[in-house]
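Dropping the structure in here first, questions after.
Should a chain be cited, it is by its letter among A, B, C and D, assigned in written order, with residues numbered from 1 in that chain.
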Amino acid sequence: MEILSFFAVAEKYKAVFLDSYGVIKNHKGLIEGAQNTIDFLRSRDIAIRILTNDASRSQQQQAESFLKLGLKGIDTHEIVTSGMMAKQFLQQKILGGRIAYLGTENSAEYILQSGLEHVAIRDVQFDAIDDISAFVFLDDEGFDWNTDINKTVNLLRRRNIPVIVANSDKLYPVSRNDVSVATGGIAKLVENMLTKKFIHFGKPDTQMFMYAYDELNLSGSFSKQEILMVGDNLNTDILGGNKFGLKTTLVLSGNTSAADAELQINASGIIPDYICASIVS
Amino acid sequence: MEILSFFAVAEKYKAVFLDSYGVIKNHKGLIEGAQNTIDFLRSRDIAIRILTNDASRSQQQQAESFLKLGLKGIDTHEIVTSGMMAKQFLQQKILGGRIAYLGTENSAEYILQSGLEHVAIRDVQFDAIDDISAFVFLDDEGFDWNTDINKTVNLLRRRNIPVIVANSDKLYPVSRNDVSVATGGIAKLVENMLTKKFIHFGKPDTQMFMYAYDELNLSGSFSKQEILMVGDNLNTDILGGNKFGLKTTLVLSGNTSAADAELQINASGIIPDYICASIVS
Amino acid sequence: MEILSFFAVAEKYKAVFLDSYGVIKNHKGLIEGAQNTIDFLRSRDIAIRILTNDASRSQQQQAESFLKLGLKGIDTHEIVTSGMMAKQFLQQKILGGRIAYLGTENSAEYILQSGLEHVAIRDVQFDAIDDISAFVFLDDEGFDWNTDINKTVNLLRRRNIPVIVANSDKLYPVSRNDVSVATGGIAKLVENMLTKKFIHFGKPDTQMFMYAYDELNLSGSFSKQEILMVGDNLNTDILGGNKFGLKTTLVLSGNTSAADAELQINASGIIPDYICASIVS
Amino acid sequence: MEILSFFAVAEKYKAVFLDSYGVIKNHKGLIEGAQNTIDFLRSRDIAIRILTNDASRSQQQQAESFLKLGLKGIDTHEIVTSGMMAKQFLQQKILGGRIAYLGTENSAEYILQSGLEHVAIRDVQFDAIDDISAFVFLDDEGFDWNTDINKTVNLLRRRNIPVIVANSDKLYPVSRNDVSVATGGIAKLVENMLTKKFIHFGKPDTQMFMYAYDELNLSGSFSKQEILMVGDNLNTDILGGNKFGLKTTLVLSGNTSAADAELQINASGIIPDYICASIVS
């Protein structure tokens, strides 16, 4: 397992797609040196897009959040989130009724702003649910798990409607050692109760890659071979990038440690084209 | 699909094993006529055992609970619970340290009374966990799901110890229409986070059948062909009974409705020997 | 569950994506009236694309096969197969070495024509496998299941290489009553042996939809809301179409019978926008 | 991870349950020194039972097979196979009709000798299947996989009957490097095609442990704490032994190598009480 310099790898490509958590930032904030890497890519005219499984913040809020962390020069249009994919789906497919959701009011506001009324699961009255036309798992926060997960199960037993999972990640890191159950994990619990499968958004599905690829080609001509996907997670970033036909780099600064990388690659059969310690070296 | 009289079926057997919820009682209390059926079985000298996936109450508390509901004549030794199986396992296999748990203090007290100290997950201090020797999923009540499920995940990332699920049911009915996520459902969520498999107790596993069978044969001689398992759930009662070699009766008074029975039997391939409307007709 | 006229539904759209098996043809040949439907769509200037999970024939061979069945006027470029997606992936990602495969020589020739040598699993010598750079599940025919499935398992235990499944369907109909295990089913068996996940191509994944959508927009301007996906299978055609943001029609002329449709929709939570008896009425 | 002497561990117990493949024998024959270990256990009056997931040979044939390999002194009654469990189930539950099967004629003869007629799947005529009352997966040999697996799928689509898997192992070793798909793997493929679950026999299910335990106690008094289960496989031998309440020893002479043991124990959460290099040291 050869560990390469990220700069040496990246400079061979016309565009770089970066995962956010574990690549640019971590639980302590910005990864030290990330600004330098972004500046390097800019200086070589390498296009940048950030692809993140996140539905808690809008594209605009994500950009502001990078700025607050101290990372300059990330433009709103360079950010692609799983929440954007879910929002697009809802706009195209859900044309009437009310949308019920599990998550924070903030995430509901930006994702569900499609002219339709939305209602938190805690405010749903079971004697008035005939107009509920879809359900969305938005976030792991903003509700009481003891009551609202059961209420979700029982709503979905009564109403057979499209169910959307705006971020399919099952967990996320909250400190060096600890994780928290994420939206995708809670959705999986409810799927398991109902023995149904919901509509999931986020890497490794190819939608976010396709969106970034199409948007990138509005301002130039990029073939898939000229784009490098960079991520810390074999099952989302690398699998999705491989499947979409991009070159892929696994970085060891997040979810996959140097000690585990070879083992996990062998066990999963998901093989990155390159391995780098991080994007800063 | 022929619906038979329960009395006509049962009187051909020397012993009857009954599931509790959906067979003897439901969310409203005792199923009307259950006392009459028990009296009929007693009058024919047919032995009775009640096999229930439940870890929230001790054998003694279960017996008292039937009496409170108005069902007379159920003896403590006639009750077999999944919690008893978990308790037995802990006594045989966990011989030192502290046992951490998710559930109510009451369930912890009766299951974990093995001379070992037990500690609710909310009271676990992560700087003093080296002596925690096992973890038990006891119940879906008695804790804060928002914080304690995540804390369980993180404890089990730090300590590789036996994890026991004292009731593998994933949901239970709380009213005619509604269900609640049960211990087994929460355990499944945590298994999914950790990609591990825990040690599950309860039907359809054969332990409870074996326990009831052995205990029954202390006071007589019963072959498997002389015992009838009665339950409302194909995946637990009927599958387990079939696999253990008993004759099985599906009753339509609980989880499996008359409308769904044939469909579910065909879809699952789990085939009861008899079908009855309930135990009271 | 309202059954609509396909003509009445289709004429509201600018383009129609059709699944092949169960929609245009079945085990007996062309579905009677299919030519009339194609002619109707042409007369209204509604664009047509055929999206089929098939890796046994090239795009050209597929077009010829429709002609042989008696269906006139399907152009080669109007056909999109899962095999084309697999071929594209191999061209973009596998740049050296030999590609081993399970399937017919014909399917191997058209999919693997990327300048790289290919070798049937039966001809692989285990003392010379260091140059094998990928493995492809092409087809369920063309090999001895008793020996070649085991040989595949053992090759993939020795070599950690990308594994591609060119058609993820697990079974296909061979007569009114009977089915046959398909490539995806055999791949799943091998995944299960190795506890790995391979890279699968075919609906419900969005790649084929994206390919058809991009290709369609080379010759016009079509939004997703102007395209109707038509299929007989909830889990591939309808799920994939829904997820990509198209309108979807379930037809009852193939895999999903009129008797089962409502039940399967409720059980799966995959909800088509329309239901039609077939494309011919 | 401390590696202990098997002799030092075993002498503390009144009975030892041994897995066969990977413990007593391997692909080359008897494990060198196995006779010495058996003689040691006999000299200390430690009872021996051999628990093997195998349905290809009767108890008698198993005993003869040990003798042919050069292992003396294993009595027929000391052998417990998953095939015996399947046979017992069939005798108790299938009382009429014909039993169809996939496997060798030899395995069919000993397992299906219940007075009922049996028929190999290749000889089943689909116009005369109304009297087929059960289906058994016996073995991975004795049939043409290309035709007979599909025929099995189609029989089980026509007839909703109990389906028994006489050995749930999904693979078995055939040389130092190579494995072969076993009965349980083929059954899993068919389950996957039908989306049904069959009735599986073999470790880790507790039936074989229960059978051995009951039989052992006919000739003495053994508590579970006085019995040691010895196996090379965490998911069958150790999980099953732990769950039944026995003490367990993982040996590193078979399926689990010394290099992998700690990793697999951590990944699975299945924790043996002891680890020994083999039974001979």
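In the analysis below, contacts are C-beta pairs under 8 Å (C-beta built on N, C-alpha and C of every residue); 3 or more make two chains touch, one makes a residue touch a chain.
Only a predicted model underlies this, so the values are computations on that prediction, with no experimental measurement involved.
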Exercise for the section: Would you mind checking which chain's C-alpha centre is most distant from the centre of chain D? Expected result: A
Problem - Cα-centroid distance, chain A relative to chain D, in whole angstrom - result: 45
Handout entry: Inter-centroid spacing, chain D versus chain B (mean Cα positions, whole Å)
Key = 28
Practice task
Just give me the whole-number Å value for how far the CA centre of chain A lies from that of chain B.
Solution key: 40
Fill in the blank from the handout: Where chain B touches two or more other chains at once, the residues are none
Exercise for the section: Have a look at which chains touch which and call the overall pattern line, ring, star, complete or other. Expected result: ring
Practice task
Check the chains against each other and report every pair that touches.
Solution key: A-B, A-C, B-D, C-D
Fill in the blank from the handout: Listed in rising order, chain B residues that touch chain D in their complex are 88-89, 92-93, 156, 160-163, 194-199, 205-207, 210, 224-225, 239, 242-243, 245, 265-271
Fill in the blank from the handout: Note: in the complex, chain D contacts chain C through residues 144-146, 149-150, 153-154, 157-158, 170-171, 177-181, 185-186, 188-189, 192-193
